[in-house]
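Both complexes below contain chain A, partnered by chain B and then by chain C.
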Partner chain A sequence: MKIQSLDPRVNRLALDAESPYENNVLQQEDHFQTYQVFHQKKRGDKHICVGIVHAPSDEMALVFAKEQFARRGETVNLWVVNTRHVLAMDYDDTDIFSTTTEKIYRDPAGYKVNDKIDAYKKSQIDV
Partner chain B sequence: MFDSQTTAALKKMMLVHADDHLILGHRNSEWTGLGPILEEDIAFSSIAQDKIGHALGLYSILHEHLGEADPDTVAFMRNEKEFYSCQLVEYPIGGYDFSLMRHFLFDHAAQIRFDHWALSSYEPLAKLARKVKGEIKYHVFHADTWVKQLATEGNVESKARMQSALNEVFPLALGLFEACEDEEMLVKAGISKGEKAMQELWYNHIEGLLSGWGLTMPDMKAVQPAFGGRHGYHTEHLQPLLDEMTEVFRVDPSAEW
Partner chain C sequence: MYGGGYIHDSEGKKAPEQLQEDPALLAAFQARIDRGEKIEPRDWMPQAYRKQLIRMIEQHAHSEIIGALPEGTWITRAPGFRRKLALMAKVQDEVGHAQLLYSAAETLGKSREDMINDLLNGKSKYSNVFNYPAKTWADIAVIGFLIDAAAIVNQVANSKGSYGPYCRALERICYEESFHLKQGHSIFVYLATGTAVQRSMVQDALNRWWKPIMHFFGPSDVMSQHTEQLMRWKVKMASNDDMRQQFLNMYVPKIWEVGLTLPDTALSKDPETGKWNFGDPDWDEFYEVIKGNGPCNSERIAVRKASEQNGRWVRAALHKADERYTIPLA
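Now for the complex of A and B:
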């Protein structure tokens, strides 16, 4: 039995209706590596991580990144970085980012400087 | 600006290459949704779409500057005898090895041709060539990366398949350089280098790349170039492609899209 489709391209492939892949579980090494893609919109801008591509080599990752992430809109440059080269924190360690409340003096938002600036501006206009 | 004989040769030349791009673009779009991996599916489909865009660019010059019918009519209302595409582009997609090798051999030829047109004396063509330069650069980058990957980094099977694809596609690809009538008029007018010179530039370039990747060039003297396309002689594959491609358009050619 071949797969019958309304799409003539699929019929031309003459695919067996019984999938030979049914019991064929992919192993870890059957997958391509992932690459993180960094996109730069304008010269001088930071490259921003926009997602991943799967690829068998660095160069191939760049080929794919161009079409995945730079097909539309403005782009001047792309980087790809093999994900295994990214050293990341563990989500279990998220607590190291928490700050105790009494250290509000370390946070610029803790200073009510805007009131003083507004008052100063107002005094300048009045003069 | 050109005499009538040169103008006729110019029209034929642009029609030839517009047809090549339209038919190959259509063929390669048959991989959409069926590509080997998602990323490649998107890349190859996008390249196929670019090809149709380049065909449109050429048909538009024929329409706007040289009095031919509008691009849709020219693309969708002719039968196979009136198409001047080479036989290379009409062959079915085959396996991915065949399609990749065809893409590689075609796009290197396209790059050489458009680079030459960018400097040509016919300004509408020169302008188009400058506009599509970046797209063709990507097509070549894509083709080179794939063929190199499979020929040098893959396994024994991928290397063997690249070699046999090269052996199979190379004689067909020589059809890209089948000369048209009055070609010398275009050489004189500074529009074309002539097909023989183009083929030589192409051959030397791809020979350097392919042999660097461990592939062996087929013996030029032993191969039979697939000529005929430039004079309307095609294989049995073109008419079914045209039937499928034009099926919707021909339901109502006057429909507004």
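Now for the complex of A and C:
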């Protein structure tokens, strides 16, 4: 079922499609680092985490972030942060965010005084 | 593009190895998925879930990379500057999708190097359609329009799955795919409404690609325990047949409306059930191509190997020996 290749890369480079897979194994030391990418759409907006790039250095991470996350639409700025510099909590520890006590005192809705004001005004008229 | 519904699974044919998982953890895991929660990289997950997702996301990533090859050959020959720019943008998107998907797969613990090695040594597969040649410019229309459309059907389903990093990657991918589909449809319509020669060119491309397109979602699912488990875990979101029906329903009318035909004479919609009937798309050929005997299997891998080899010195020059890899947070 094989055919004469139509791929100019194959024809011009005279690639041998039948060559065995050898001396071509990527080693673990080839492994680049990962960077978290933060994208800002307009000046004044927050930078928002949009994904990851795999890059050999900080500068290249910015180049790849531009290619990967700023291909279309608006972008004014990008940040990259090496993944190893991100200190993250564990999802197993979500119980630390749960609170047992009522926290209404932290909420604007926890402060209702209109009843008192109305009652006061009323008492002044009555007098 | 390009995550086909069919996930090559050589191990699935063997008796599934029953790993001893803690029943309490398994039940809690299932409950989270049933509640619609997403699973994140550092959460506990069953071994079988992790394995299947790695296999699936990795094959999807490879399909993006290999899928860019038949289209890439047409960049230099695209008719006109606008078409050339669009095709370059599409090919760049596809390679970008592979990067996003490799990152998502990495969060599950398989390194990118291992994935690329497994692509090059044939252990890991990619979507079968890319083992067919793109002979004329009309093939680019058919690939961009119909194969991207088929991929969107599959990817939209998968983006509602349970693994967070994969879903997030797919949302972005689907957004870009809609441009690919539109530009493919535009080329398709231009050819179909063009000169007699252009029409016959696109008809010929359709005739050649119809079989691989019918293969795209894979054969009917064997509803094994394994498949049911994957569906309960929201790893597999729809059956191959359901996705194929959805694709036929959406896109066959768009082919017929411009007066083109499909080579399957049995293809028709049952007015009672709303289901499409079709002839046997030759599953023997499908399995033969998966085994490596398709028209372009060896040259696709050869091109990929050459780019790996030619790019090696760049990687080596950029490499910093004292910097250590960190699994992405995704």
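Throughout what follows, the second predicted complex is superposed on the first by the 70 of 127 C-alpha atoms of A that agree within 3 Å, B and C clash if a C-alpha of one lies under 4 Å from a C-alpha of the other, contacts with A are read in each partner's own complex, and residues count from 1 in each chain.
One rule holds for everything that comes next: a contact is a pair of C-beta atoms (placed from the backbone, for glycine too) under 8 Å apart; a residue touches a chain by one contact, two chains touch by 3 or more.
Everything quoted here is computed from the prediction, not taken from an experiment.
> Looking at A:I48 after the superposition, I want to know if it touches chain B, chain C, both of them or none. Which is it: first, second, both, neither?
neither
> Contact-wise, after the overlay, does A:E67 reach chain B, chain C, both or neither (first, second, both, neither)?
both
> Quick check on the superposed pair: does A:A88 touch chain B, chain C, both, or neither? Answer first, second, both or neither.
second
> If you stack the two complexes on chain A, which partner ends up touching A:T34: first (chain B), second (chain C), both, or neither?
In the superposed model, A:T34 contacts chain C only, not chain B.
> Between chain B and chain C, whom does A:V113 touch in the aligned arrangement: first, second, both, or neither?
neither
> Where does A:V76 make contact in the superposed view: on chain B (first), on chain C (second), on both, or on neither?
neither
> Residues of chain A touched by chain B versus by chain C: which partner has the larger set?
The partner with more contacted residues on chain A is C.
> On the A-aligned overlay, A:R9 touches which partner chain: chain B = first, chain C = second, or both, or neither?
In the superposed model, A:R9 contacts both chain B and chain C.
> In the superposed arrangement, which partner chain does A:V25 touch: chain B (first), chain C (second), both, or neither?
Touch partner of A:V25: chain C, not chain B.
> After overlaying the two complexes on chain A, where does the chain B footprint on chain A coincide with the chain C footprint?
8-10, 13, 32, 53-54, 56-57, 60, 64, 67-68, 71
> Over in the complex, which chain A residues touch chain B? Could you list them?
Where chain A meets chain B, its residues are 8-10, 12-13, 32, 53-57, 59-60, 63-64, 66-68, 71.
> Quick one: which bits of chain A touch chain C in the complex? Just the residue numbers, please.
Within the complex, chain A touches chain C at residues 1-3, 5-10, 13, 15-19, 21, 24-34, 36, 51-54, 56-57, 60, 64, 67-68, 71, 82-84, 86, 88, 90-92.
> Any idea which chain C residues touch chain A in the complex?
40, 42-44, 69-70, 73, 76, 89, 92-93, 96, 99-100, 102-103, 106, 111-113, 116-117, 120-122, 133-135, 168-169, 172, 288-289, 293-296, 298-299, 301-303, 305-306, 308-309, 315-316, 318-321, 323-330
> Using the touch definition up top, name the residues of chain B that touch chain A in the complex.
30, 34, 37-40, 42-43, 46, 92, 138, 141-142, 145-146, 148-149, 153, 244
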